[in-house]
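For reference, the structures are reproduced in the following blocks.
Paired with subunit B in one complex and with subunit C in the other, subunit A is shared by the two complexes that follow.
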Partner chain A sequence: MSAAWLARFSGGAWRRIFVLLALLLAVLLAAPWIVNDYLLTVLIVILYSAFTGQAWNIMMGFAGQLSLGHALYAGLGAYVAAVLFVDFGIGPWLGFLAAVPAAAACGAIIGFLAFRFGVAGVYFAILTIAFAEFARIGFDHIAAVNASAGLFLPVRQVAHNDVWHLRGDPTMFYYVILAATVVAFILCRLLLESRLGYFWRAIREDEEAARAAGVPTFRCKMYAVMISAALTSFAGVFYAFFYNNLFPEQVFNIGRSIEMILGPIIGGIGTLFGPILGAFVLTGLAESLNSIMAAFGLSMPGATQVFYGVCLLVVIVALPEGVWPPLARRLGLFKEWP
Partner chain B sequence: MPLDVYLNVVVAGILTGLVYGLMALGLSVIFGVVRVVNFAHGEMMSIAMYLAVVLFASFGLDPLLMLVPIAAVMFAFGYLLQAGLINPFITRPEHSQFLLLVALAIIIVNALLLIFGPDARTVQTSYAYDSFQLGPLLVDASKAYAGGAAIAFAAALFAFFRYSRVGTAIRACADNYTGALVIGLDVKRLYALTFGLGAACVGAAGSMMTLIVDVTPIIGPTYTLLAFVIVITGGLGSMAGALLGGILIGLTEALAGLVFTPSAKSMFAFAILVLVLLFRPQGLLGQRLS
Partner chain C sequence: MTALLSLQQISKRFRGLVAVDGVSFDVQQGEVYAVIGPNGAGKTTLFNMIAGALKPDQGGIVFDGKPIQNLSPDVVCRRGIARTFQLVRPFPALSVEDNVLVGALLHRHGIGEARERAQALLRRFDLFDRRRHPASALTLPDRKRLEVIRALATEPKLLLLDEVVAGLRPTEVDRLVAVLRELNRDSGLTILMIEHVMRAVMALAARVLVLDHGVAIAEGTPDQVVRDPAVVQSYLGAEAV
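This part shows the complex of A and B:
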């Protein structure tokens, strides 16, 4: 066993992947010393969308269940942690422990209803939108969370970075989201290689065949929704404490759900590097367009977004699989890291 | 509240619902035949609305008279879109098509923002404040015209699909893609025609919608969602279902706005959607899901 194991990890593809990962991580770890505050904020946004993309990818990329309502789980996480903090003084990490069951339960309800009743494909996607929209309008009318006027977290000037309360400068937030992205990456790799991961991929490829082969499809799909929702809820907690304000119109907006899924689709759906790569490509593109417009002193609302849409269109038409799969093939990594 | 208030709201809701229904009919026709979910549907609706607003503001052309020309322009837009961009995507996976149309939606919303600015535009017709008295009922003239035109347009479309040769050919494509290829139908062209027809529905509905509401560039996604809710409630792919769903949702929104608060009205539409998806996923008039 150990010989085969050793051979596997000392193979060319593995060496290349470790070098690649180590380089990426080193650059990301060193980034706060290299880049200015603006770029650091951009990096936070990139890692945030890499994290949420990774979480969404569990459902769609691994198990083949298209969710277009992931803003619901992030929003729930954000509101649970924010309410606990504002009303009861409970810190974000304990809040996260409360947000996880809340989001997972919500995912479980949606999953249970949909999978029991045979709601699949486009219908399932629209059901997830419906629940997210329901939450958006619902939260807009809940007085306990300040309804549409928004929930604000008290901002406190701190001398030291307080990771326990998530209060500090952008560098601290950067490392928190970097750590979360690394954890999500490792978790997804472990999941993908687990028994459950193989079941998911069987369901993704052909659900009927998977069921015929004895895969407990209902239970596996439920796990996918719940794990994905739980992971996404952390992004919400981070969002709440990073931006310090929550508006239902913002956090539950369908635009948030779409932003979450653009990265992994552009990067390569069902791949581990796809969400990360996609986040860099998309946010990088949007920010460089903004900078170019600013450099020319142009201020036309919408122009950047139009160009962004066109670029998106070109990528979709030119690279049907996303950016990572062709790149992985070029690097000779596709076999081990598809 | 007296009964006639409710009756008035019910009638207004049904009339608005007919326009919603026509918009959703477009989505239903496209999905039923091309099997592509048009995530840029509401955005196409907002293009039509801006066309109507500009024609009215510049030349004083009434949106009701412009209904057919705008539908024709949108038909051309839809035809070219399907022929040029979407046809290569019909064999790609769902998420890929979804992304294509999301990109298109982003472009449309922001192009409108770029051209027209963020302010709401409106059409002030001479009959904007007229109404018909029918016993205890007071029917808004704009809504009555819009609802009537929606019925006429939908009826024409029904007749086209039912009786014309091209309509029959399109239905053949919807029933059996391979079969349609085998008997020598030009499926890609028929798909383009279908998408054009769906877009024409949106064109007509958008043109009439300007009589009822203001238009802003960001109104698109709202209508996309609304069209989904309606079509799934009525049954994806069912033409009569789309109209029925439109009326139902229009009615729900109007009553919820009266009984509760107008800002919560779409929550009830989504609640209906959730119930339908759970207990009758094929929609009210849809065929059983395979």
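This part shows the complex of A and C:
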């Protein structure tokens, strides 16, 4: 390790970053003792969204490949783990090990078709939607997974939280998704600062120029899709064991894909904090809105979606880079921490 | 001297239009070779075929003893041919240093090691002070220089320069020419350049090929070709004599 490297880590901005991260983590670790059950569930939804946003961001934010069909990978992960559990009694963590190659292989097929035959930009995005829709309609007709009637995971009362089988109270699920979000954050940080990460950013900025500089663009884009898909599949496994029911119409719905990308867009595409911040802002505000409306006895179905639309509009007009980059500049962090 | 790059009867058609028509030439190891010609003569098409961005319809390209006409641009770069673009294409949102770093990572796997190499190049080309700026914030001359540095970071045996001094003021042209000449002299870098600015061609090139309507009409030293009647007729114009 060179002196320059050490100097980077001991700089003022780095200290502020670590203080900020430690504070955030401390608050999140303490949250189950502070908040009530309802707020804990909201926090689970927020962290779930932060995790999936982080995974999606690898493709779009790092490598510049727009996927609008990420529900496919989450849904696959959910179904693989659920079927293994229901039919063979195999636990979710082993199920996740099976879900990873399934999702990565699916991502590889889509990536190969697109990148080999020059499907790029919006056409690539449409291809990802198409595959998610294939899965939705396909799973609706697969009898082995109960088709459109849905797959239900057996729910049993447990005296103690069983992390190995993901059976337990919301607090356990909260810590599982918090740990996953932390792991995803660290993984993304390592990826972004790796050789592959720099090649991804070069491709995002100008693919032809990247190729001319020797970047093996096909291989790098394949890695982006496969890593992003594999990571997203964990969210699916979590989803299956948290909600205990799966319907193709729900898990593969294009709405799920859109929800995954809203957080990073609002927080800041291509940044590490963006997906997390976006999840807090979006889900936090939407839940507050719901609570306020409930307090006034108002019931308006679809109000959340309208709210998402307004948020997106405000961010695109007022903060085109997302919320995090201007905030990071104000905190004096941006140079060192993207 | 042996030929580092050899083009053998290269042709490229776009629909009916023949952009490059049976062009052959050799670039010797350690040489600065220039291709000149009027707009639409097929210079950039020729370049794109060497760099792997376009496949020739006919003919072969041999680099370092091996055919390269069917390789993709990233593989061509890995073999040792780095290029710049006529309209500069730095990675706009990346810092100047990270732009060069991407090139340096081609043959280096450690980020720290590649970053040191990038910084050394930036120092040599007077862009070190601006290394933290996003590439989009640079002036045109600086972006042109950055493009050359990024190409050099891949450690090429042959550097392809596509109108690298076009749009620069004469003093900036002289500065870049001096740097390129130094590179050629000190590290024996072979350079193939497309150029409109005769000032740069005369100062740098050992030999010049003149293209007109996709056909090579003259080859020789700069002094020879500027006196060639066919070249004067088609490209330089009578007043240049």
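Miscellaneous remarks
Everything that follows uses one rule, which is that the second predicted complex is superposed on the first by the 330 of 338 C-alpha atoms of A that agree within 3 Å, B and C clash if a C-alpha of one lies under 4 Å from a C-alpha of the other, contacts with A are read in each partner's own complex, and residues count from 1 in each chain.
Criterion: contacts are C-beta pairs under 8 Å (C-beta built on N, C-alpha and C of every residue); 3 or more make two chains touch, one makes a residue touch a chain.
These figures come from a predicted structure and were not determined experimentally.
Looking at the shared chain after the overlay, A:R211 reaches subunit C, while subunit B stays out of its contact range.
In the superposition on chain A, no contact is made by A:L166 with either subunit B or subunit C. With both structures placed on the common chain, the touch criterion links A:V323 to neither subunit B nor subunit C. Contacts of A:C106 after superposition: neither subunit B nor subunit C is touched. Comparing subunit C and subunit B on the residues of subunit A they touch gives the larger count to B. Of the two partner chains, subunit C is the only one touched by A:E193; subunit B is not. Judged by the touch definition given at the top, the superposed model places A:R201 against subunit C, while subunit B stays out of reach. Using the contact criterion defined above for the overlaid structures, shared-chain residue A:L178 touches neither subunit B nor subunit C, since it reaches no partner. Contacts of A:A230 after superposition: neither subunit B nor subunit C is touched. Within subunit A, no residue touches subunit B in one complex and subunit C in the other. Here subunit A touches subunit C in the complex through residues 1-2, 4-5, 193-195, 198-199, 201-202, 205-206, 208-217, 335, going by the rule given at the top.
Chain contact summary for the complex, subunit C toward subunit A: residues 51, 53, 72-74, 77-78, 82-83, 85, 89-94, 98, 101-103, 105-106, 109, 111-112, 114, 116, 132, 150-151, 153-154. Residues 37, 85, 88, 92, 94-96, 98-100, 102-107, 109-114, 117-118, 217, 221, 225, 228-229, 232, 236, 261, 263-264, 266-267, 270-271, 273-274, 277-279, 281, 289 of subunit B touch subunit A in their complex.
Subunit A makes touch with subunit B in their complex at residues 60, 66, 68, 113-114, 117-119, 121-123, 125-127, 129-131, 133-134, 137-138, 140-141, 148, 254-255, 258, 261-262, 265-266, 269, 300-303, 305-306, 308-310, 312-313, 316-317, 320.
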